[in-house]
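Going by the order they are written in, the chains are A, B and C; count residues from 1 in each one.
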Amino acid sequence: MSSVFADYGALLLRAAGITLWISWLGLLLGGLLGAAVGLARTSRWRVLRILALLYTELFRSIPVLILMFFCYFGLPLLVGLDLSPFAAATAALMFAASSLMAEVVRAGIDSVARGQWEAAFASGMRYRQVMRHIVGPQAVRVMLPPSVGVYIATLKESSLASIIGYVELTKTALLIRETTGQSLEVLATITLLYFVINYGISLVGGALERKYAIAHY
Amino acid sequence: MKRFSAGRLSSVFLCAFAALMVLAAPAHSQSTLGQVMSSGKLRVAIIGGNPPYSSLTPSGEPEGYDIEIAKRIAAALNVEPEFITVDIPARVTVLQTGKADITVANFTKTVQRSTSIAFTDPYVVVSLQFLVRADQNDLQTIEDINDRDVVVGITRGGTAEQNVPLAAPDASIARFNNETDILAALDTGQVHVMSQDNLYNAELMKNRSGQYKVLPGLYSYEEIAIGLPAGDFDWWRVLNTWVGQFNASGDNARLFKEWFGYDLPPIQAQY
Amino acid sequence: MSYDLNLRTVVPYLGSLPEAALVTVGLSVFTIVLSLLLGIGGALLRRSRAVTFRFVGAAYVEFMRNTPLLVLLYLVYFGLPQLGLRLNGFQAALIALTINSGAYMTEILRGGLMAIPRGQYEAAFSQGMTGFQTFRYIVFPQVFRIIYPPLGNQFIQVVLGSSLASVVAVNDVASWMQTAGSATFRYIETFLVAGIVYVGLCQAINLARIVTGRLLFGPAHVARGR
């Protein structure tokens, strides 16, 4: 294992960076999309709530692998744009993350006590103002720790991008395997790399959770 | 000023999506031939990393047998070739979306594929062969493979799906996404036989001589042809004329020998 | 957007779909059963009095939570032969899925067990109940009630994870989609069909969980728990 790291260490670390980057993109875009869906889930209009529920249920019942294949082979046919493995993988990760983030956003908004909404409305504030000044900031604080969990989940799912040919950490390991002919060492090495990265991030998430611990009324 | 209203955000997303749909609709008003002649460019989709059909030099320039064919076509039409690197599935979609004018990429002409895109006449014919590890002495002929306990590795959705069961109906089939996975499984013995076309096998034997051996017999007839968008008769007429003369004049045989190192297999099937 | 959707192109391939679906379901069911057993072992490890056992249990869970299933699958299928153990696709997928799911089962069971206050054990013993009776009448019914929703969710996660088996030559639904798609180039249609199968399976599991939950525990227990 040490020999793999000695020879290919720099390559693997760079590939790990690519993995972190594409997962971050997926989380960011998925977060925006998920926020919209999450807001729709708590909306006043029943139609929006139902549509949002269908959206989250749909994307939590489809394997990410299938999503990746669809984004790479099927989406180009629908939108008339050729998608590179990078774009397709990011799109798939975005959709997957959005359904998780929708739930995080919904839970975050719901965590703010109803009484605060009522008090704000009674004071004459409009929905937009309440969100921006009262509920939003509190909700965001609640959303941060679970978002870290979504990031870790996305990092794991990014390994599937290797199957549609995107060169991230897993694909790099497979390419190294082609040259060395030995699977065990390189696969064990990236397993360790993934573990170190994800566990580290989860520790950060734990710290965030403690820092933002708020009393609930 | 951030607007968090659910209604607003959702309608913004809907509008953006609708706009994307409208803008992305390709305009198919001109025939491909007209487009190529007026723009002076021939957009060719190729597969990198598949020597000697096509590969990329370290500086990123494409080179190979398929590349030379595309360059000759462009020269015949008096236009400049522009190469787009794609991979296996995108060979088709890049024609369907109008992003390329032709695809020259080790492309087998099948009836199935012809429902989505068009093909010229073939310029190479390949056949399916079976490959085993050199140390496997119990698998020497097709009869040895035709056994339920023998696992044959193939790449998904290719012509092997039909041809392997035809050649060895009792063998078990394992589907993988690419050749390197099959090779890895063959090396470890999880797959006993690999099935690929004879040109791929020849390359493999050249690069990894002594590790594998090819079993005798050719088990399919597959025509490699140039792909082009469907429904464009003028474009097909021009390309097909070129292919016919390319074959008949001996230019193809010369080019093939130059890139592959051995003689071009016969293109016309013996009826 | 000039794409004509034509589901008829997929029809010739539908014949192999039921068998593929059976493989998916079979793989998932075996995984759930085996990983549940593994989870019991893991939960017992984590609740043990010996520090080493607790550490091993915790390390197992953290390791599986932080590494991708695909890499584990590659390790089992392509890596183990180097150590002398050659497995076919289905076996490798089953083992990788089981080991991975076992960690989540450990946490689910541990959560259920932790919810039983110590006092109940003491009360039971003081009444003269044996360990087994305590488990059967006091512990098990409560734990089962608690773990029921997350167990259903884990079943769904296993079904979704089983799609990875297609990468190591297992003919499941994901494999069907890739094969039919690359043969016909009708990726939208094949995706729709495969998607319907997976969504159908997952929602059926959800529905079954809610319905049997209601039957077993009464209406108060329809918590979503996802």
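Simple rule for what comes next: a residue touches a chain if its C-beta (ideal position, glycine included) is under 8 Å from a C-beta of that chain, and two chains touch if they have at least 3 such contacts.
A quick note: this is a predicted structure, and the numbers were derived from the prediction, not measured.
Inter-chain contacts peak for the pair A-C, counting C-beta pairs in contact.
Chain centre most remote from that of chain A: B (centre = mean of CA atoms).
Work out the mean CA point of chain B and of chain C, and you get 38 Å between them.
Distance between chain centres (mean CA atoms), chain A to chain B: 35 Å. Distance from the chain A centre to the chain C centre is 21 Å, each centre being the mean of its Cα atoms. Residue positions 1-3, 78, 81-82, 166-167, 178, 181, 187 of chain C are each in touch with at least two other chains. The residues of chain B that reach two or more other chains are 21, 24-26, 89, 93, 96, 177, 184, 188, listed in rising order.
Residues of chain A in contact with two or more other chains: 73, 77, 79-80, 163, 174, 177, 183. Residues of chain C touching chain A in their complex: 1-3, 62-63, 65-72, 74-75, 78-83, 156, 160-161, 163-164, 166-167, 174, 177-178, 181, 187-188, 191, 194-195, 198-199, 201-203, 226.
The residues of chain B lying in touch with chain A in their complex are 2-7, 9-10, 13, 20-21, 24-26, 86-87, 89-90, 93-94, 96-99, 177, 180, 184, 187-188. By the touch rule above, chain C contacts chain B in their complex via residues 1-3, 9, 77-78, 81-82, 86-89, 166-169, 171, 175, 178-187. By the touch criterion stated above, chain A contacts chain C in their complex at residues 57-58, 60-66, 69-70, 73-74, 77-80, 152, 155-160, 162-163, 170, 173-174, 177, 182-184, 187-188, 190-191, 194-195, 198-199, 202. Those residues of chain B that touch chain C in the complex are listed here as 21, 24-26, 28, 88-89, 92-93, 96, 112-113, 115-116, 151, 153, 156-158, 161, 174-177, 181, 184-185, 188-191.
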